[in-house]
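Letters A, B, C and D mark the chains in the order given here, with residues in each chain numbered from 1 onward.
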Amino acid sequence: MMHDAALTVLFYVLGAGAILCALAVVNARRLLRAALALMFVLLASAGLYLLLGAEFLAGIQVLVYVGGIVILIVFAVMLTSAADLLEDHPSPGRMLAGAVASISFLVFAGGVFARLELAAPAPGARPPADASAIGRRLLDFGSEGYVLPFELLSLLLLAAVIGGIAVARKTPPRDQPFTSGGDAPGEVDIVLPRSQRDEPEEPRA
Amino acid sequence: MLEFLAAHKPGHVEWLLLSATLFAIGLYGVLTRRNAVGILISVELMLNSAALNFVVFNRFVAPAACDGQITAIFVIAVAAAEVVVGMAIFVALFRHRGTIDVNRMNTMKD
Amino acid sequence: MAGAAAPFALFAAAQAAPAWPVKTVAARAAEALPDHPWTAVLYMALAFAGLGALVAVLGMGLIYLERKIAARFQCRLGPMRVGPHGIFQTVADTFKLLFKEDIVPARADKTLHLLAPFLALSSTALMLGVIPYSPILQISDVNIGVLYIAAVSGLGVMGILLGGWSSYNKWSLIGAMRGAAQIISYEVSATLALLVVVMFAGTLSLSGIVASQAEGWWIWRAPVVGGIAFLIYLTASTAEINRTPFDIPEGESELTAGFHTEYSGLRFAFFFLAEFINMFVAAALTATLFLGGWMPFHIGGANAFNAVMDLVPPGVWFLGKTAFVVFVIMWFRWTFPRLRVDQLMRLEWKLLLPIGFANLALGALAVLYDLYFFPGA
Amino acid sequence: MPDLPLALQFAWLIPALPFAAFIAVGLGVSPLSKRAAGLVATLAVAAAALCAWLVAWEYYGLYPPDAAHPAIVVWSFEWLPYDAGLSASAGVLLDPIAVLLLVVVTTVSALIHVYSIGYMGGDPGYGRFFTYMNLFTFSMLGLVVAPNIIQMYVCWELVGLSSFLLIGFYYSKPEAVAAAKKAFIVTRFADLGFLIGILLLGFHGHASFAELAPAIAPEAAAQGVANLQAFDFHYLTHPEVLARLQAASVPFLGLSLLTLAMVLVFMGAAGKSAMFPLHIWLPDAMEGPTPVSALIHAATMVVAGVYLVARLMPAFAASGDALAVVMGVGVFTSLFAAVIAVTQDDIKRILAFSTLSQIGYMMLALGVCSPAHPLGYTAGMFHLATHAFFKALLFLCAGAVIHAVHSNNIWDMGGLARKMPITHAAFLAATLAIAGVWPFAGFFSKDEILLAAFSSGHTAVFAAALLVAGLTAFYMFRLYFVTFWGGHRGPHAAHAREAPAVMWVPLAALAAVSAVAGFVPIGSFVSWGEAHEVPHCIDLRIAIPATAIALLGFALAWRLYARDGAGAARAAAALGILYRTIKRKFYVDEAYLAVTKGFIFPYIARPIAWFDRHAVDGGVDLAGWITRTTGRLCRRLQTGQVQTYGVWFVGGILFVLLLLWAALA
């Protein structure tokens, strides 16, 4: 009973925190804050995974999502916001369209969920799906294994890494085509916010 | 109090509603953000809620299996790949055009 | 297979009943929860208080140590005025920092500026919670311990990035970006090294890893690969905590003070503290993963020798090993010159990473063919 | 007909050479070298002339004079196959009049080309000029050799097009542009009648084709028509077909179909030949360069109408009424134009009205013709040939004079006889020829026309023709005296000088031809039907009054104009309003203007224009508007912005969700 009560409390606390942070994600005017809020949403999700008994997944969530993806996003924000970080508010029409779309999605999805009846799992038969179970399943090449998608995924990641480098690297100068892709002098540049550049500021009225 | 809380343990509807709410919020962000990175962030939100959905179904439909968790792992990995490529594109785009405002990325229109 | 052989019968018996029953604080709390809920709460409160105290003590102690050791290396005395041998010097410094004015740059993002140090410190503190200090002294033994460590250590990067960004100072920004890039890069190598140990131990739990080293520490029990993994991990975690020779993010000569240039007072103290705690965590993890953690120095089936070693309490073992690693890390500072950014990246991506992969593959082979010392039953 | 002489087999070269030169000069030579353009064009036409002479030689070698002269198709190919029973072929038909016209057109054209090399030298549009000239020559030759009425009509329109281009050659001059448009519109209007006539003939001819063709086909095949078609002249002029057409009646004024069709066809001929009341374009058309006037409006193009009537002579004769119309129009026009010519001051205009008058003369000759008295046919063709030479000569002389004095007004000239002796001599020869003085060509041809009119019993026509002969002599000698005699009146007349050799050599050649052409026994070569009763001799019953009246005209001109023209002014004053009316060309142009501006433009053209602009264009605009609006509406969907697409995408998802929800309910 204690366990169930704690579960209920944690669910609602984490869920509310996730939703609030998610709202902050889509409404923050500073992208960096949005990214930060995203990090908290993902952390809350990791907590929710723990509640669902998926510890390994929670760890992966934090490791990859928070430690990798969010950091990457923050990097991108820093590299691409030469202008000031404030983003204009979207136009009212667009906000309305977005709100209508998302709220109706929520309503419809809620309607579907409310009428959804899941097949009840066999009671008691619940050995923990721990990290080793997931690992076995991932590398199992039987009919229920995921080794093929897993390998495909590794290929995808490799392609993404190479593609990302190919897209984002600067074209090396013609006279030295084999530069280190960022190490040579003049190749690294961080685009600073306008307020941090050396340009003289416009006199304020 | 404790009994009340224990009796109201979240069932699958609550879990699914939670993930649907997160998804809807992400959808709102995708539709309203002007900055491409902002859109990408919102997409991450949606992906995360989808992964959550998988785990929820895993938990409530077949708790003995771990297929939902594996799918969630795949989702995370795909999201990572997506972000890598997306960010590379945005950085390259920004370098060329000086902006990543999606309103101004409409050259296909003309 | 070895367990069936006569000379190892005793060893097999010893393995059957763990000599060191692990009991974490969280486990105690969970045990007490159904019947005595307040006891459980008390346990948790104790744990948090202990963590806080640990942070404070560790911070001050390590700073004092650092100064003293630095002084020794430079043939001078270090702080001597406040207290005997200046042991209260750090306390005085702490008070000074506490009372300093908390300055936020004019056009900075105030919220993020305030948030960043907490983020940096809390990620570090979260790691303290899973380290097995002793069989009876561990707050929580999560079953994905190594994964947890890897995940949480990545969170600290956010603190650095946000701190640098929200300062509205180009030195801070560049320092933050360098720091983040460095940490993320070296995290890969560190994780690869961790995986070797995980593979050998067959578990992600930190206690389980410690227990798996009852026959010998992985640094030498897994031949060669363990040593290489140890070296990689030590190097990578030195880089991860931005210690010299990898202190480029805060290289004074280039960036004034890197990402925390604009911080003062308590928030600066937080960053500072986080760095030193990080050093401790890195050292503790190195000790746990490669040097047996609280496990005394054992040699296979040499029971007499093992019994002598068991006389020393596990906590002392742990502390000693950790202190040694901390000393080594401090030693580095006065031995190696600082690397350039490109040298740093080259070291990681062109040296450590390939070696780490090769090492992992070798380790996998070793595990597959039981090619390590004292294979368990 | 496989055993034709080589020259006849290659008769298609005659139109083909100018056409090839047209393409070559227009696209290749002219942009490269102006000089070469004139040379190539002239050589091509000269070669065509050579071929024409060879063809004439061979044709009359094959069918000697005083024998039957069949119309043979020496070369043809199927050009527009419509269906098995109806197709139009292009080909080369040779019969006496075609051969005659080939010779005349190519010869005159070649001489005019030579003359043009000098006359147009230094003109910026030199290459363009020769390109158009070649096009014109080709069109005219294609018309002449047409074996069917379709090819004739096509070339007919090409002639109209090239005359439009040549009249408007100085396109920067508003008068030239206006004249070109006038010529084109008037002839187009006339061609409308021609086209309707062709369609009537073709439709009804085709209706009875299956029935009649088997009988006609072998006969036609013997003359080289391999695949007889309803539009072939062989078919259309066959007596049985004509009888069938004559028998068919249309509910229009009680006329027979044949008459109606022939009158409509004659409308086209009248337009091209500038018969009253469609003559108004010809005097204005003198805005083109003088060689153009000589070629098109004197020698060849205007005779196309005459040629058409001659070509369809059996049909006209079968109709009877149509032939009467031809005669009436011819008589009236010849008289009318001769009267106007007396009062004009512009040298080219006088010649233009003279042309009108002479063409009317030819029409008159054809009009009095009948199967029983086919002399008019021969006479008309004879006059056509002689007239072509001496009228071309007159125009070329006029061109030389205008070149010398920089004016078209005869009162700016005078006393040029001493300054330009060769031109003077040539002009005199031509004047004598047109006036009908023995032994010049005009005497013989005019005599034959008068004889034809007289002998066919049309006495009134004969009287009118005689009057026209006198008027012709009068105005031509008026022109001659004012231009070449007396003192220098205009500012340039005093230092006028003889034209260069390249210009006067053609003049001399034409003068020679004009002088001797009358002695050709034309009756032996060109005749209609089987009757050959026309002896080639001078009938004194005709020759004496004709010569007398010509001399009368000459004397009157001498009296009034040989010295200073003061007498002429007194005579004009005495005539008063009559003179002014004549001088203003009987106000025909004004009447046209009144009709068009007062009635057609405001009450017909404007409503039609309104309808076109608002209803027709409106319909087109509506289609465009619908397309554009649809596109604009659809474009809303294609904003190029991901998020807009996202909204639609989400809409689809919502729809599916709704379905799922409903399905679960």
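Here is the rule we go by: a contact is a pair of C-beta atoms (placed from the backbone, for glycine too) under 8 Å apart; a residue touches a chain by one contact, two chains touch by 3 or more.
Just so we're clear, the structure is a prediction, and the values are computed from it rather than from any experiment.
Taking each chain's centre as the mean of its CA atoms, which one is most distant from chain D?
C
Counting C-beta pairs in contact, does A-B beat B-D or the other way around?
Ranking A-B and B-D by C-beta contacts puts A-B first.
Quick one: chain C and chain D, Cα centre-to-centre, how many Å?
112
Could you tell me the distance, in whole angstrom, between the mean C-alpha positions of chain B and chain C?
33
Using mean CA coordinates as chain centres, what's the chain A-chain B distance in Å?
Taking the average C-alpha coordinate of chain A and of chain B, the gap between them is 7 Å.
Taking each chain's centre as the mean of its CA atoms, how far is chain B from chain D in angstrom?
86
Which residues of chain D are in contact with two or more other chains?
643, 647, 650
Give me the residue numbers in chain A that touch at least two other chains, ranges are fine.
Residues 2, 56, 60, 68, 75, 94, 97, 101, 105, 109, 116.
Provide the list of chain B residues touching at least two other chains, using ranges where the numbers run on.
In chain B, the residues touching two or more other chains are 27, 30-33.
For this structure, enumerate the chain pairs that meet the touch criterion.
Result of the pairwise touch check is A-B, A-C, A-D, B-D.
Okay, in this complex, where on chain A does chain B touch?
Those residues of chain A that touch chain B are 1-2, 4-5, 7-9, 11-12, 15, 18-19, 22-23, 25-26, 31, 34-35, 38, 41-42, 45, 48-49, 52-54, 56-57, 60-61, 64-65, 68-69, 72-73, 75-77, 79-80, 82-83, 87-88, 90, 94-95, 97-99, 101-103, 105-106, 109-110, 113-114, 116, 118-119, 121-122, 125-127, 129, 133-134, 137-138, 146, 149, 153, 156-157, 159-161, 163-168, 170, 191.
Could you pull out which chain D residues touch chain B in their complex?
Interface residues on chain D, with respect to chain B: 638-643, 646-647, 650.
Please give the residue numbers of chain A that touch chain C in the complex, ascending.
2-3, 30, 32-33, 36, 39, 55-56, 58-60, 62-63, 66-68, 70-71, 74-75, 78, 85, 130-131, 180, 183, 190, 192-193, 195-196
Under the definition above, what is the set of chain B residues touching chain A in their complex?
Within the complex, chain B contacts chain A at residues 2-3, 5-6, 8-10, 12-18, 20-35, 37-38, 40-42, 44-45, 48, 51-52, 55-67, 69-70, 72-74, 76-85, 87-92, 94-95, 98-100.
Residue numbers of chain C touching chain A in their complex, please.
Residues in contact with chain A: 33-34, 37, 107, 109, 111-112, 115, 142-144, 147-148, 150-155, 157-158, 161-162, 165-166, 168-170, 173-174, 177, 180, 184, 187, 204, 341-342, 345-346.
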